[in-house]
Amino acid sequence: MRRGFYIGRFQPYHNGHQSVLEHIADEVDEIVIGIGSAQLSHLADNPFTAGERVLMITRALASLGCPFYVIPIEDIRRNALWVAHVRSMTPLFDLCYSSNPLVVQLFKEAGITVQSPAMYERETLSGTAIRTRMLNRAPWKNLVPPAVVQVLKEIDGVERLRQISKND
Amino acid sequence: MRRGFYIGRFQPYHNGHQSVLEHIADEVDEIVIGIGSAQLSHLADNPFTAGERVLMITRALASLGCPFYVIPIEDIRRNALWVAHVRSMTPLFDLCYSSNPLVVQLFKEAGITVQSPAMYERETLSGTAIRTRMLNRAPWKNLVPPAVVQVLKEIDGVERLRQISKND
Amino acid sequence: MRRGFYIGRFQPYHNGHQSVLEHIADEVDEIVIGIGSAQLSHLADNPFTAGERVLMITRALASLGCPFYVIPIEDIRRNALWVAHVRSMTPLFDLCYSSNPLVVQLFKEAGITVQSPAMYERETLSGTAIRTRMLNRAPWKNLVPPAVVQVLKEIDGVERLRQISKND
Amino acid sequence: MRRGFYIGRFQPYHNGHQSVLEHIADEVDEIVIGIGSAQLSHLADNPFTAGERVLMITRALASLGCPFYVIPIEDIRRNALWVAHVRSMTPLFDLCYSSNPLVVQLFKEAGITVQSPAMYERETLSGTAIRTRMLNRAPWKNLVPPAVVQVLKEIDGVERLRQISKND
Amino acid sequence: MRRGFYIGRFQPYHNGHQSVLEHIADEVDEIVIGIGSAQLSHLADNPFTAGERVLMITRALASLGCPFYVIPIEDIRRNALWVAHVRSMTPLFDLCYSSNPLVVQLFKEAGITVQSPAMYERETLSGTAIRTRMLNRAPWKNLVPPAVVQVLKEIDGVERLRQISKND
Amino acid sequence: MRRGFYIGRFQPYHNGHQSVLEHIADEVDEIVIGIGSAQLSHLADNPFTAGERVLMITRALASLGCPFYVIPIEDIRRNALWVAHVRSMTPLFDLCYSSNPLVVQLFKEAGITVQSPAMYERETLSGTAIRTRMLNRAPWKNLVPPAVVQVLKEIDGVERLRQISKND
C-alpha cells in the first residue's frame, strides 16, 4: 500500500491541481490532500474558507478512481515543526509531491521522499492569476473544474473576493 | 441536499459512533464528521493523533453508503467562537447531531438545529471505558469496528497508550 | 489625579463587588475595572461572555458617582507577563485593589502598590456560591444588583448555565 | 433600545472619528466602540497601547451626550471567526458602522446590518497622515481633539513614535 | 563527539538532578539541559521563572567538568510536535536521558535513543516534596545544591512560593 | 556583580556580533545573550534554528574570558510585553546593550539602562549582507568566526538557505 501526500492552498482549486492529482493517482494507492493555511479566509490572497475548499476538491475529484483524504492544515508559523504537524493531522504517507522549495527542503530534512510534479501552464494555472481574472472580470471558469464554478456560485465567492479586495 | 454534522473526539472510534452514524446516514444526503481536539495526542485520555483517527473513521465507514467528510478540528479554547471555527473548517451543514450539552447549547445560540441521537450501551461504548479496558488488558476488540482494530495494530496504539499512562 | 485598578472575573458581578467598588470610589478619582479571563464563556465556572459582563458592571454602577472604565482582559497564561499585559490594556493607574494572593504578589514584584479590600460575607457573596444557587434553583437575585438580574434575563443566562452544567 | 458598533484602530483617535461618532450618537441609544488590534503598540503604524487609546477616546467623548462603551479587541487573525470574537467581547449591538470593506463583508455574511458613514477630509484625517505629520514635525494638533493632545503629552507619545520609527 | 539531552522543570533544581547530571557527564562529551515549561512561573507547582532556573543550574554545575548548554523550552501543548520543537531549540544531540514515560515514548517514536537514569531517593528528592517542605517550613536546604539556596535567597523565592500558595 | 544583556537574531552570528561582545566582556562580569525570533527557521531571512544559533555563539565565544548565557527568546508579537518576556527567560541583568531603536525604547520605558555599542563596518557585517553573499556565491567566510563556518558546514546551512530562497 503506497500513500502519497500533496499540499496546496487551493485559493481556488484549479485545473493545474486537478491535472497533478490525476497524475499522482496513477502512482499511488491512496492520496492525502492537505489544505494549507486552513485558518485563513476572507483575504485578498486567501478568500475561501477551509470548508469551502474541502467542498471544491471533493466534488472535483468525485471520479478520480483513487481513494483520497482532504485534510485542512492550519499554519503553525514554525517551519522546524511543520512536517511533524502535517504528519500528526494526516494518515501516514510514504512520499510527498511538491514543487514548493520550502516544502521540498522541510520534507527532505525529515527524511521523507519528495517528488516534484511538473506543473504545466504555470502562468495561467495559478491561484494568483485566477483571482486576478476574477477581480478584472476576465474569463476564469475554463481554468477550474466545473465543480469549483458550482461551489463558488453557491457561496457567492467571486463577489466576496471583490468586496474584500476593495481599498478601504 | 441535506448535510448533517457530527462531532466527537474518537479516542478511539467505536461501535457507538458507528451506530449513530449509520442512523444519521438514513436521514441526510451527506455527513460531515468533525474530529474534535485534533491537536491532542499521546495523552492518557487523548492517545491517538488526528491522522490516526481520520484513518479509523474512513476505513470503518467504507461501506456506509452515504458520502461523508472527515475533518480534524483543532480546539480554540474560546466557546463563543467555536461554532464559527467549526463552520469555517467544514462544508456548510444544515443540522448538527450531538448529545454533548455544551455543543447543543453553542449550536442553539447560533441558531442551528440540533438533534440528540440516542447512544445505546453508553456504559461500555465510550472512549473512556475502552481505553480503561486496553490498560487493564480486558477484552475491547468487540467494542470497535474491525478497521479500528487494524489501525491500532498498525500504529502499535495500545502499547503507546500503556506507556504514556505509566506514572512518572 | 488618582486612578485605582480592580480586577475580577465577575461570573456574575455581585453585591460583594459592588460594595468594594463603592468603597474604592471614595478613595480615588477614577476606577479601572478589569474583567479577567475575558475570553472564557459558556463554561460551568465561566458562563458569561466578556460583553455580557461589561453590561452587568456598567449598568450596576450607573450611579456610582466616580468615573470608571470597564476593560476585558484576556488571559495570557504567563504570570511573569501578566502585569505588563494588564497595563498595556488599561489607562495608567496608581494602585491596585485585590485580595487575590497571586495578583498581590505579581503587582508587588512590579513595584505597584496593592491594597486588599475587605470582602464581607465572602461565603455567600462569591461567584461560585451564586452559580451553585442558580443551578440548585435556590434564591440568588438578592445577592446581585438589580441590573445584573435584568441582564441575565435578557441573555437567558441562568438557562445557559444549567444547560452547559449538565453531564454529557 | 438601539445599540450601534463602531470599530477603528485609533492610532491616534482624531477629528474624523469624532465627527463620525457624533453623527452615530444622533441615531442610536448607545454606542459600542471597539479598539482594533488592541494587542499592538510601539510599532510605527501602531504606536499607542490599547489603554492609551481608551483614554484618548473616553476623554474626547466626555460631552457626547450618548452613553458609550470603549472595548479593546485583540486581533485573532481568523477572519471567519472575527465577528463572533467581537460579539463575545461587546454588549449586544443591532447594527455596525464601518467603511472598511472587510469589516462590511464579515458583518454582512453574519447577517448584521452595516452602515458606511461618510468620512470627510479622508486625506488629512487619517491615522497614517497624522503619524506622518508627527514624524515630519508638521502641524497635527488641529487634527485631533484637545483631549488627545493632552494624552499624547502625558505619555510622551510623539517622542515614542519618532524613536521606534528610526531605522536600525 | 557525543551529546546527551536531559530535560526537567527544575522547580527547583535539586540534588537528584545534580546526581543524574554528574552521571551523564561521565558518558557524553557535552550535555544539553532543557528547562521544560519555561513559560510558567508564579504558580504553586511552577514558582520560578526560566531565567531563575537557568541561574540555579548554571551555578550548581560550575565545576561539572563537562560542557553544557541550558536552554529554556516553552510548552507547545502538542505532544506530536514536541520532539521537533525541542530539537529546533537545541544543539543536535545523540541520545536523551529521561525517566518520564511520555518523554520516553515521544523520543522513541521519533527514533531517538533514550536512557532512563536511576533517580535515587525519589521520595525526598523531588520538586514537589521540596516545595511542600518550603511551605511547611520544614528543612529543605540540604536537598538542593548550595548555589540554589543562594539563588532562592537573592530572588526571595520561598516567600514568593508561600504568597502564591495562599488560598484566595 | 554586573550583568549585561545583548540581543540579536544572529542569522548568522558574525564578526560584528563577536566584536561587540568582546567589548561588552570588558565592562561587565557576566553576559546574557538573547537569541531573538528563536522560533523562526527555514526562512530566507531567518534560515537557522535557535539550536543551531546557540551552537554558533557558544563555540565562537569559547575563549571570551567572561561567563555568558545563551538564551533562545521566542517572539511574542506584543511589544508592550516584550521586556517582561525577556526578563522572565533570563538571569536578572543590570543593563542592556542594543542599537535597535525599538529595543532601546522598550527598555527605556521599563526603566532599564541601555547602551548603544558602536557597530563597525555595518555595511558588510550584517546578517542580510552575509546571507546575500551566500546566495550569490560571493566570499563570506571571512565575515564570521571560524566556529560559525564549521557549524554551517555540519548542518549544510548554506545549501538550506539556497534551497528555501528559490522562487516557487
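Per-chain numbering from 1; labels A, B, C, D, E and F assigned in written order.
In this section, contacts are C-beta pairs under 8 Å (C-beta built on N, C-alpha and C of every residue); 3 or more make two chains touch, one makes a residue touch a chain.
Worth saying up front: this structure is predicted, and the values here are computed from it rather than measured.
Student: State which chains count as neighbours of chain B and simultaneously of chain C.
Tutor: Both-contact set = D, E.
Student: Check every other chain and keep only those touching both chain C and chain E; list them.
Tutor: Where chain C and chain E share a partner, that partner set is B, F.
Student: Among C-F, C-E or B-D, which pair gives essentially the same interface as B-C, with more than half of the residue-number contact pairs in common?
Tutor: Going through C-F, C-E or B-D one by one, only C-E repeats the B-C interface.
Student: Among the chains, which is located farthest from chain E on the basis of C-alpha centroids?
Tutor: D
Student: If I list every residue number at the interface of chain B and chain D, are over half of them used by both copies, so same, or under half, so different?
Tutor: On the two sides of the chain D and chain B interface, the residue numbers are mostly the same, over half being shared.
Student: What's the chain with its C-alpha centre farthest out from chain B?
Tutor: F
Student: Compute the distance, rounded to whole Å, between the mean C-alpha positions of chain C and chain D.
Tutor: Measuring from centre to centre gives 26 Å for this pair.
Student: Could you work out how far the Cα centre of chain D sits from that of chain F, in whole Å?
Tutor: Each chain reduced to its C-alpha mean, chain D and chain F end up 37 Å apart.
Student: Among the residues of chain C, pick out those that touch two or more other chains and give their numbers.
Tutor: 39, 41, 49, 78, 80, 87-88
Student: For the protein chains shown, what form does their contact graph take: line, ring, star, complete or other?
Tutor: Per interface graph, the chains form some other shape.
Student: Every touching chain pair, please?
Tutor: Here the touching pairs of chains are A-B, A-D, A-E, A-F, B-C, B-D, B-E, C-D, C-E, C-F, D-F, E-F.
Student: For the complex, which residues does chain A have touching chain F?
Tutor: Touch list, chain A to chain F: 77-80, 99-102, 104-106, 109.
Student: In their complex, what parts of chain E are in touch with chain C?
Tutor: Contact set of chain E toward chain C: 39-43, 49, 160, 163-168.
Student: For a test of understanding, state which residues of chain B touch chain A in their complex under the given definition.
Tutor: Counting only chain B, the residues touching chain A are 38-39, 41, 49-52, 54-55, 58, 69-72, 74, 87-92, 155.
Student: Taking the complex as given, what residues does chain F use to touch chain C?
Tutor: The contact residues of chain F facing chain C are 76, 78, 80-81, 83-85, 87-88.
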